[in-house]
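Below are structures written as structure tokens.
The same subunit A turns up in both complexes below, where it pairs with subunit B and then with subunit C.
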Partner chain A sequence: MIHRIPPGTRDVLPDEMRELRALSETLRHEFEAAGYGEVWTPALEYEEVLQRGDERLAGAGFRVLDAQGDLLQLRSDATIPIARMVSTRYEDAPVPLRFCYLAHAYRAHEAAGQPAEFLQAGIELMGLEAPAGDAEVVVLVIRALEAAGLRRHKLGIGDGDLYRTLLRELEVPEEERLPLLEQLARRNLVGVEMAIEKLGMSRAAHDLLVTLPTLRGGPEVLDRADGPVARAVDNLRGCYELLAEQGVADRVILDLGLLRELGYYTGAVFEVYDPAVGFALGGGGRYDDLLGRFGRALPACGVALDVQRLHLAQTAEEREGA
Partner chain B sequence: MTPSEGLTIAVPRGALFGDTLDLLDRLGFDTDEVRSNARRLIFPELGIVTMRPSDVPTYVEHGAADLGITGKDVLLESPGREVYELVDLGYGRCTMVVAAPSGEDMLAEALRRLGRVRIATKYPGIATRHFASTGRQAEIVEVKGSVEIAPLTGLVDGIVDLTATGKTLAENHLEIREEIVVCTARLIANPVAHKLKAAQVDALVERMRG
Partner chain C sequence: MIHRIPPGTRDVLPDEMRELRALSETLRHEFEAAGYGEVWTPALEYEEVLQRGDERLAGAGFRVLDAQGDLLQLRSDATIPIARMVSTRYEDAPVPLRFCYLAHAYRAHEAAGQPAEFLQAGIELMGLEAPAGDAEVVVLVIRALEAAGLRRHKLGIGDGDLYRTLLRELEVPEEERLPLLEQLARRNLVGVEMAIEKLGMSRAAHDLLVTLPTLRGGPEVLDRADGPVARAVDNLRGCYELLAEQGVADRVILDLGLLRELGYYTGAVFEVYDPAVGFALGGGGRYDDLLGRFGRALPACGVALDVQRLHLAQTAEEREGA
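Moving on, here comes the complex of A and B:
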């Protein structure tokens, strides 16, 4: 007899489960070996607590009322609950703090077909500034994916604040900035270009605004973006140099058009790719303001990998490699 | 994302088909075989797959094609797609319009007396957003076939549809009441292919813009 399950959820049966378990054990082992201790936090949190972390993201969650009538929410990522945990349980602990997790997160989507429940394997590094912290996290993710059997994965690095900074520095009127950023977030480069045309900027400013989101590749892209965005570009260059020292430069794509949807990123943002899969396998970034909102201000960054998508990439690489 | 070093492009059969193949011919890909009904055609640097226009964003979003050519109307109809919109190719120019029977303004009449209009369309997403954003209540009726006959039969007060010349509308005694948006062909890309095959993608974009 067939009984319904909520859209975007699914059962995992033993054959698949064994593979998912092996994969997540490999990741956890790599994270633990690098000093990232595993934590669990509740799947349910008070909504007001999650909202403190990111108001926009909190809206994407499933809400539940508890017996007292308090509004709870299923976590929509693990970073905000861990930030909450750190401010409460590690109030005076020496830094840096390193944590890893394997946890389901939940998002209520409008569109059909997207998972409402998904398993994330991730790391958080708190108390280490850019670029050293960014580089540590990136290297660990690249190594963990190698341990998981991926051979062709790449990690994109951008700056979540780059375009905002550029618009401010070029003195684009405040009310024009948001629509432009929205087009960019929707990956609509045609829309970005049309919005820029309307601004009537100088040729140089116009070209920089149009070109910047399409600059991606090796360190040469950093030379093409200077002037108003020099600070962000310096950060990326610093991070890239550390990655090159660690021998993972060939795994890295510098991407000045990279944007992540979460509102709490303040610096570098990451996205993980494999040519076998058409979706990003995970992502993350630097969130230097988030912990302060919970009472212990620390620079921090992290990455979350989607275990099911990773499994897909692992299987596809295995098939193509055979 | 498609595995090979080359790119795969999804090409829509339908209204944009001819202009799209002309474009590919100009870039040096001889599309004769596709014109005479082949579904797929492989060159060393470019694989061409043809499909129903509304399927193009689906193939590209999932990475079964790295690039695709599709109308802005298709993109607007399903706005949540995770694809890059790279280039306005300029051809296939059409306008999304609200049209109603000529003569007496049935839309205004329905709004005034019944508080809402009934609209038939193949684009329920665009139609719903257009009426919502202009503060009017509309009952959107989705039809798959010829939308133009829906008002004639009394099913609806008006339609939302794409028109190039307005000829079909006129033949069915419909006139344009509002223009919603101008739509042209767009080049779209899978986000992962856009990063991992950046050089190939940019080279093709450059040639298409040229």
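Moving on, here comes the complex of A and C:
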């Protein structure tokens, strides 16, 4: 007898659960050993509080009406609730603050096939500027994935503000910018190029807009991007140098077309890959404006890993004998 | 700057979280070592599916409307979702089935002060009859709490059907029964007595109805209850003997007034206490009719522990130097 469960959710049976639990415990131990203390925030938050963090993100959640008639939402990520918590509970605490979490997040989707409930293991580092903070987070994520048994994982690093800056500097009309950024966030480079054609820019501007998102590789890609995006490129260079010093440069792909969908990133953005599977295992970035919206302005960055996807990558690596 | 969170929810900061995590990991290890495999069911379920398990319980949850317009609920306990899962995913599996879980449950309250989100660590044993199944669950819970460092915990055992049977056998009018059971579930013995006075029963029936819920202690209390409730008393005696054989009789209180609020219990009911704190640390019981409602009829019983409350008891015991 089959009783349906909501689309995008699943039952996890003991054999799989044992592996997911081992994986999340490994990540949690690595994070805690690096000084990132685990926190728990409620799965339910007031919608108005989440909206203070990011209006677009807040719309992605399941909405819940409580007994008092207030509108709540299931958290759709952990970063906004932790930012909320820091302003309330760490108002005067010395920085940097380091937190980790192991919690499910929830997203409501119109279309089927997307996960509605997913287990995230993540870290947040608050009070440390770029590039030192970015590098600390990236190194920890790479090391934690090694501890979890991955051997082929890579971490893409881009800048969430780079293309936005470029569009502004090249004086692309404001109403054209958001659609372009959305195409880019979806990695639709053909769509990006078509939209740029329509703008009727100068040859040089056109080429810069089309080429920049395709630059991907080692530190040499940074030499091909400057001018209007020099600040972002300088920051990426600084971050890369710190990563090279710590011996993880071979795990890093600089990716100037990388743009995470979430609206609150202000600098470096990260995406975690494994060649054994065709999807990102997690991501994150720098969000220097978010904490200020809740009352304690601090530079910050973080990464969330999707434990379920990590597990699939682990299994795929083992199958390949990698 | 304070941003409110929903009533009954809380942020857990690293110092406390470390202890809660250690506690839940200890419980999980004990459960798994005893052959109870951890499972995860979605936090969101269709309301109609939860209602199949228990109409009253289903009403206790937060309601969520999904993007397809279907009515979902946050799970308000783990037992009904696991019963749902067993019928779907373990349709022909050999019994007994043993599962454990570590998951939050959610209850919506009209009044403030009640927890809306609470972390449960629990076990479910399916396919083993009373009293053997009851005793296995009780012993495991007592041992797991010992492993978690508790020294003074006790487990109350009653029978969820005993008073209902008594009311029926004594021919108490049907419309009077539910209010009486509700008073008893709230442990309002004065209210119970007042309601019984109004019934105008014979002296013998009146005394039985008033005395039975006050019987609490060792196996001697069973000698004082028989007649209409002989079946329940036999079962409790059988369970107690198995517990005595396994050396945990000193942890057990037989309690004929114990009646858990949840509607699906059909036999033994359990409640976990610690004299260091004034609230139950968890509870459970036998629910032989629940699985059949989902399609695979199996006798079953289980216990859920409230990890947060266990932690308070742990701390209180340490403070007392127990």
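Structural remarks
Following the convention adopted for this analysis, the second predicted complex is superposed on the first by the 321 of 322 C-alpha atoms of A that agree within 3 Å, B and C clash if a C-alpha of one lies under 4 Å from a C-alpha of the other, contacts with A are read in each partner's own complex, and residues count from 1 in each chain.
Everything that follows uses one rule, which is that a contact is a pair of C-beta atoms (placed from the backbone, for glycine too) under 8 Å apart; a residue touches a chain by one contact, two chains touch by 3 or more.
Everything numeric here is computed off the predicted structure, so don't read it as measured data.
In the superposed pair of complexes, A:Q68 makes contact with subunit C only, with no contact to subunit B.
In the superposed pair of complexes, A:F99 makes contact with subunit C only, with no contact to subunit B. Of the two partner chains, subunit B is the only one touched by A:A280; subunit C is not.
Of the two partner chains placed by superposition, only subunit C is touched by A:D11; subunit B is not. Residue contacts after overlaying the shared chain place A:Y46 against subunit C, while subunit B stays out of touching range. Contact with neither subunit B nor subunit C is seen for A:A204 once the two complexes are overlaid on the shared chain.
Which of subunit B and subunit C touches more residues of subunit A is settled by the count: it is C. Overlap of the subunit B and subunit C interfaces on subunit A: residues 110. If you check the complex, the residues on subunit B that touch subunit A are 1, 3, 61-64, 79-80, 82-88, 186, 190-196, 198-199, 202. In the complex of the two chains, the subunit A residues touching subunit B come out as 110-111, 154, 156, 186-191, 194, 214, 216-217, 253, 255, 271, 273-280, 320.
Only residues 1-7, 9-15, 17-18, 20-21, 25, 28, 32, 37-46, 49, 52, 62-68, 70, 72, 74, 84-85, 87-89, 91, 99, 104, 106, 108-110, 116-117, 294-296 of subunit C touch subunit A when the two sit together in their complex.
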